[in-house]
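Think of it as A, B, C, D and E in the order they're written, each chain with its own count starting at 1.
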Amino acid sequence: MSAWFSDLTLLGCFLCMVLPIASFGLIMIFTRNNHKLSLAISLLCSTIPLIIAWSLLYKYWDIAEPIVYNYDWILSDFIKIPFGFLLDPTSLLMLTIVATISWLVQIYSIGYMEGDPGFGNYYAFLSLFALSMLGVSISSGLLQLYICWELVGVSSYLLIGFWYEKFSASEAGKKAFVVTRFGDVGFFMGLAILTIFYGNLEIANINSAAVAQSMPPWLISTAALLIFCGVMGKSAQFPLHVWLPDAMEGPTPVSALLHSATMVAAGVFLIARIYPFFSASPEAMAVALAIGTITLLLSSTIGMVATDIKQVWAYSTVSQLGFMIMGLAAGSYFAGYFHLTTHAGFKALLFLCSGVFIHHFGTNDFFVMAAKGGRKLIIPMVTITIAALALSGIFPFSGFFSKEAILGALYHHPNKIWFLMGLLGAFLTAYYTFRVIFVMLFPKNPAPEEQHGHDEPHEEHYGVPWVMSIPLLVLATFTLILGFCQGYLERFLLGHTLHHEHNYLLLVSAVVAALSGIGLAWIDWGSKKAKCVGFISYVPALENFFKEKWYMDHFWRWFLNVFIYGTFSRLFTYNDRRVVDGGVDTVAFSTIGSGRLLSFFQTALLQLNLLFMVVVVAGVGLYLLIGR
Amino acid sequence: MKVLLFGPELYFLGMALVLFILSLRRQVNIRIDHQVALGFAAGGVVVASACLFQQGELFFAAYRVDLFSQIFKVALALGLFLVLMISHNLAHIDDRYHAEFYLFLTTCTLGLMMLVSAVELLTIYVSLELSSYSLYILVPLRRGDDMDIEAGVKYLFIGAVSSCFMLFGLSYIFGATHSTYVNEVMAKMPELVQSPIGIMGLLLTLAGFFFKLSVFPFHFWAPDVYQGAANQVTTFIATVSKAAAVAVLLRLVALGEVYGFGFTQALWILSIVSMTLGNLVAIVQKDFKRMLAYSSIAHAGYVLMGILTLSEAGYTAAIYYAVAYLIMNFTCFMVISEVANDGRNLQIVELAGLYHRNPLLGLALMLGLFALAGVPPSIGFTGKLLVFTSAMKEGYFWLVLVGAVNGTISLYYYLKVVYAAYFLEGKELPAVHIGLSTRALSYALILIIIGFGVFPDRVVELARVAVKGVLL
Amino acid sequence: MINNIETYLYIAVFLFAIGLYGVLARRSLIAVLISVELMLNAAMINFMAFNRFLAPHPAVGQICALFIMAVAAAEAAIGLSIIVAIYRKMKTINVEHATELRG
Amino acid sequence: MKFMMDLFSAEGMATLSFLGVVGLTFIGALIAVGARNIFHNVLGLALALFGVAGLFVYLNSPFVAMMEILIYVGAICIAICFAIMLSEPLYLPKPPRKPIKLLGAGLASGLIFAMLGLLMKKTTWVAAPERSTDWSITTLGHFLLTKYALIFEVISLVLLVAMLGAIVTARDGRGET
Amino acid sequence: MVEHVADFPYLTCMLLAPVVGLTIILFLKEEWHFLIRVVSLSAAAIALGLSIYTFVNYDTALGGLQFVEKYEWVKSFGIYFYVGVDGINAPLLLLTGIVIFTGVLTMWELENRVKEYFAFMLALVTGVFGVFMSMDMFVFFLFYEIAVVPMYILILIWGSTRKIYAAMKLTLYLMAGSGLIIPGILLLYATSGINTFDMIQLHGVHFAPWVQKTAFVLLYFGFGVLAAVWPFHTWSPVGHVAAPTAVSMLHAGVLMKLGAYGILRVAMFLCPDGFQYWAQLMALLAAVGIVYGVFVGLAQTDLKYVIGYSSVSHMGIVGLGLATGTIDGINGSVFQMFAHGVMTALFFSAVGYIYDRTHTRMIYELGGFSKIMPVASGYFIIAALCGAGVPGFASFWAELLVFISAVKVFPVRGLLALASIVIGALFALRVVQKTFYNEPNPKFIHYKDVSPFLGLPRAILVATMVLFGIFPRLMLDLIKSAVVPFVNGL
């Protein structure tokens, strides 16, 4: 035990795990109804990990060998599950991202959630999330990662369904949990296969070259693909992406933290985490690339037609996650991971800004917000624009650099189709992003004054509480500077800087794609003459298709109703009632019935009874006599 | 000390005489009748216990006194005593005949005692008839409707036919072995059991005991008689006479050490059919006593299972089971005669609300029924398991399986009674008041049912020693 | 024929069967009782036959026969008294009328 | 002729009379179970019992034959007659017989007959190696008081019980009717 | 197996605590409700304390049987009162202690025929303790039946929803199961050639293959009825629904484990070859049960039916783990027995609280209970999350071990069963959503939340789940110390 305290790194990791759960437990059990105290506990327990994360990042900036701490969590026979921490660049970076954003969101929530009766619970759930996400980052074994991963799912479930009186919220929470669970089962199966082969799920082992050689290739592919199922679930990849837009039912800070910046990035992180193993399977890489691409395009197109601001960002998140996966699957570990980092910053920013609007105007529809004078909220409007620029990949914002990296990776892929698709994605992204921005900035039909009548005192100040604006500013700063840290991060993550061959074709095509997207948005939405209808509405069928979200929700609903409830559940229930249970009852009743039948032998007629008796005696006697 | 050897029998003979004299009095005083009978019966238990460890032979070896017989004599004396305990209220028997009632019970017990000690076939037969005749008379002694006399007729004629079969069998044994002495028969048996005459002779002889024990197909009297006879008489028939029948059955079956396949197979079939038939038909009964009659048929099957193993363990188990059956069945009948204190027949639903009408009786009834169903921790469970164990040891796998499944079926109807007693409210039914003696008896029975169920060792050991004596 | 045990045994068997037939077929309880007596006699013949041809000592079988007679007499007494009682109660001795107990 | 001659020889006469006795038994038995009139049944029984007594004579035991006639014919049959008189009047019309019942009874007793007959057929009887020839009644009495003393006592008890029982059972009801 | 004789009869005391409590209660007046409750609670507390003591003081380094007591019982039949603790039954004893203690607390508000209720409940618990601790087949079976039969009356009198039918069905079904067990046990006894019921000695006998096959299948189905092995499970939902809260807790929490424990301790231990022969079937039935349970549960509208079918599914996991015959699988099974016991106890106790107030369990009538009684609902939600296999609770580890080893040994069946946990999540969350979320039903809005005292039992259960969820080695090392020699003996 003393080792835990003498080694500060270990103590730090340990505290990262223990503090949030302590906070969760304390708040849930004792201080749920005391909002101030709950807040204090929760903030304390998220500030310390923040400090730890940054100091660890600082301390191990030049880390060469991963630092591993392993303790036995379970020692069964074949299955040995360690509990431990793995500190290497991948985990340290993620740790920092998570700690930072969750700290910011906690600060932000002070303002956002003020006065909510479930304030205490909210912070407890945030702590639970912090625990699980930090755990995902620094787990030393895949199984520990899986456990935290599941806990992430649970906290997501709890937070999405935070306003559980709303049917849509509770439904969305359930949907999120079940759909991600769908992927997780695959993940778990993959883990099971790996365990059966190695009996050990230490990430360091799995990533070692020996593993890839000792395992038959088909099995590696199977395992990798199964694990990829988990990624699809958590990172909302097609076709399991359907939960994420619905997850926007939760409070907006939650969306910022979980459903854009960190939790959904866990899937991408997982691939990055076991990248050497994952990339050992070309099939898995190919599938991932395809899935990522489909996701990118699909969600971008849906994002083009959504009117709920959070929905737009949600689909944008999905598409960016697809983009990250593309990057990783195209062979560039750094590109994917770098995009994850930058995306965490600007997407959290986007959500938090939107949160301010939503909080202020009490609506999610950005047309309404614009009409109500959304642009008068200066700080949020500026920061959201910065974030939008980053998202669209405009220089010098962080998104530009990371997108460039991914497109670069795609460009080097032998099949150029992926690159083109990436460009198309970038174009669409820019388009739908600026659709929102232009609508907000240049409202076409300001709402009539009389509508504002009773909201008058509200209208007077367009100020934002500092607890909400500070995180915005911090994140905006990150968005501005992170892009220029590319080189440092490369060295940190890869141990060396990549050799950048400046491919102007690449650069130009990316910029052109982004700018043309913005331009088209300007034409459609921004300019004075804009008709405020998307270009896509010229093809009504397609627009409808997008509006219906490619019918994916319908598909899943249908699948659930027809297969799960309609077929299996009903059949099994019927079988249970009628066949299994009915069989048992039939046996019982026929026993009773046979009793009734046999009781007729006990006639009231003495001589008939005697007759039976004699016949039996004679029968037994004859049987015995003839038998020998 | 030859007198001691014959002590219990003499004592009960004396008791019969006293009761006979009592029956001659003109003035009827049922309280005195009962007290005298009860007092003598209590003395009988003492005497029988005192003679428990007697050993010897009487009447030119026609009568053997050994541990086996003495144990059963104690059990019989105890049984009589218990039956008399619950006879304080003979509502369904004419006051004039109370003395005769006790007298016939005593002569029946005497007959049964001689039955368990007799080692001469003719003595066995006549003792059996002595006990049977007493019962034939007791059954129609009930007052009231025509049920009793009908039951009496059926009992008599089925009994008569069975005893004809038995006599025929006896004659064949006599013809084949030239003797009526069990030990001489036994000497001849080993070579005889392989021949048809030996087997058939023995089987036909057993018919008489099957009748007593109500084994299929000699069971037809049981439901009718149980229902038709007065509660106390039924109690006696269901408990005491069964125990004695088991004893003699054991003694006779133990004649041969090795039987051919056929003989055991015949018993096997009878055992299975008895169990199954009894249990199945019991399910549909509404009258409690009639239900118990069918259950007794089923239990006869279990006893038979122990006997047909032809092993020491099996006999031990059968004895244990018989004693256990006596006790648990008696418990149920005690409840019947206390609840139906006007002597009527008890429908199962009339037990409704027994748990608040009289909690003690309710508990006793439940334990008794659970014991009958073979639920632990009770004497019935241990007995059943011992029987099964011994049967399995001899390789009767299917028999045990059927027996075990039958246990489940039987639980159904016992639970129906428990259901009535514990679940139905029975608000309109009156509370049942019991005297001190019955209260003490209930406690004692509960204790015995659980105590000997949990600590069966003593009884088992005793039974085992006794069996050794029979097997010689 | 006379000195052959089988003859007697077959006679006994036949008598037994006839008695049994009577028990099963007759309605009148008294007739049933009569048939039972026949069956008992059959057993008696058996005993006597064995006694005559096989037994080591001729007294035993005779004693058996005597006792059976006594038992039969006792049985007859009880049976007849019950029959009389049943007649008093039910005004019939037809066994087919005693049908209250069933099931 | 030869047959006739044999028939009238000493042995033949014995056989003939034996057949007569057997016939008497069977005819009596058949009447006892077959006749519809209950008195005829009793008479049949008496006949059969006479036959059985005759058989006992053939079986070397005139004493038992004597007893048979005394106890059975003399006591039991008379008792039955009394019972008949105490019970159902004879003039009452009798319901018709049910053929199915008779058939069933016949089949059942036939089965028993077949079983026992088969048993007889399969059995070879072995006489005891040493057989006493002491048929005297004295010995019989001796046996009764030695080896079979107990049963002798018990049978008296049986008879006592039977008598008492008969009284108890039959007495009942007179007052009521 | 190594034996370490106890210096003090801990196990006997554990067994006698409820018996003594029962006896005292029998002599108390019906009206003295409080005293009766206190007596039963103290009996339960003593038992719990002793079970914790044995659990904590079991020395895994020594291994084998500890706290052994052995007295001759019926000599001629070779029956011994032979009790002991090893890694397999120590958790189950602890489970029983916890569940009975919390069960008594849960039923604190009972007003109807209190005396009889607690008497029967203690009788039942005696049986359960007896089964778990005995090492003699005869004694094992004796207690097994003691544990089953009081259920009839408990359901009949204090139950609800078709209780007459359910009570009879449950009792008869379980007794039919024991109708198979008896021949199985006796077959082993009879063919062993040694006149003993001592399982440790019988383990040393190598039974003929046919004996093992026959005995195993009999024991498997016999115990399987109680373990709700598909397709012999239908008594369980019906019974759970009808039973009063604490009885459901005991029943689903502990009694169903008796069946699984029986399969493990008697069937597999004594008939290893038979087990090898039937393992495929076991795995199949278990996998079908897992899948089937969740699908049927999905269609239920009564909360307790839902839980009942989830039990079927979870007991299928136990069965699957046993079927693998590997150390991991059996570790997982035993762990799952414990975890599922605590979990369902929590489930039923939470539902019981709501049902006692609202008198309905139909999920479409309920709703919004998180608002009305947040704490009570919280317990249910926690249980539901456990049921969905969320990490951090003990059940997760158990399922993990079982599934991984199942995939290893029976790939297809294992993966199939594994896949069904998605439905398991859907199933649990559907109930949570419909019952506890959304707008509250105004009919129930005035009900009070659970008081701290009544919350105590639930809190104990949650704490147990979490404790062993976070520190699984507390349990697993203990289990392993027994399972390793067990599997090596297979």
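Here is the rule we go by: a residue touches a chain if its C-beta (ideal position, glycine included) is under 8 Å from a C-beta of that chain, and two chains touch if they have at least 3 such contacts.
Predicted model only: the values in this text are computed from it and were never measured.
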What are the chains that chain A and chain B both touch? C, D, E
Joint neighbours of chain D and chain C, given as chain labels: A, B
From the centre of chain E, which other chain's Cα mean sits the farthest off? D
Looking at A-E and A-D, which pair shares more C-beta contacts? A-E
Using only Cα atoms to place each chain's centre, name the chain farthest from chain C. A
Most central chain, judged by mean Cα position vs. mean of all protein Cα atoms, is E
Chain A-chain C separation of Cα centroids, rounded to whole Å: 96
How many angstrom lie between the CA centroids of chain B and chain E, rounded to a whole number? 41
Taking the mean of the CA coordinates per chain, how far is chain D from chain E in Å? 70
Taking each chain's centre as its mean C-alpha position, how far apart are chain C and chain E in Å? 64
Residue ranges of chain E touching at least 2 other chains are 172
List, in ascending order, every residue of chain B touching at least 2 other chains. 122, 126, 129, 133, 136-137, 140, 153-154, 157, 161, 168, 172, 175, 178, 196, 200, 223, 284-285, 412
Indicate the residues of chain C shared as contacts by at least two other chains. 16, 19-20, 23-25, 32-33, 49, 54-56, 60, 63, 67, 71, 74-75, 78, 82-83, 85, 89, 95, 98-101, 103
So which chains end up touching which? A-B, A-C, A-D, A-E, B-C, B-D, B-E, C-D
Chain A to chain D touching residues, read off their complex: 607-608, 611, 614-615, 617-619, 621-622, 625-626
Under the definition above, what is the set of chain E residues touching chain B in their complex? 72-77, 116, 138, 141-143, 145-146, 149, 152-153, 156-157, 164, 168, 171-172, 175-176, 178-183, 186-187, 189-190, 214
The residues of chain B that touch chain C in their complex are 122, 125-126, 129, 133, 136-137, 140, 145-147, 149-154, 156-157, 160-161, 164, 167-168, 170-172, 174-175, 178-180, 223-224, 227-228, 284-285, 290
Touching chain C in the complex: which residues of chain D? 14-15, 18, 22, 25-26, 29-30, 32-33, 38, 41-42, 44-45, 48-49, 52, 55-56, 58-61, 63-64, 67-68, 71-72, 75-76, 79-80, 82-84, 86-88, 95, 101-102, 104-106, 108-110, 112-113, 116-117, 120, 125-135, 139-140, 142-144, 148, 151, 155, 158-159, 161-163, 165-167, 169-170, 172-174, 177
Which bits of chain C are touching chain D when the two form their complex? 1-2, 5-6, 8-11, 13-28, 30-31, 33-35, 37-38, 41, 44-45, 48-49, 51-60, 62-63, 65-67, 69-78, 80-85, 87-89, 92-94
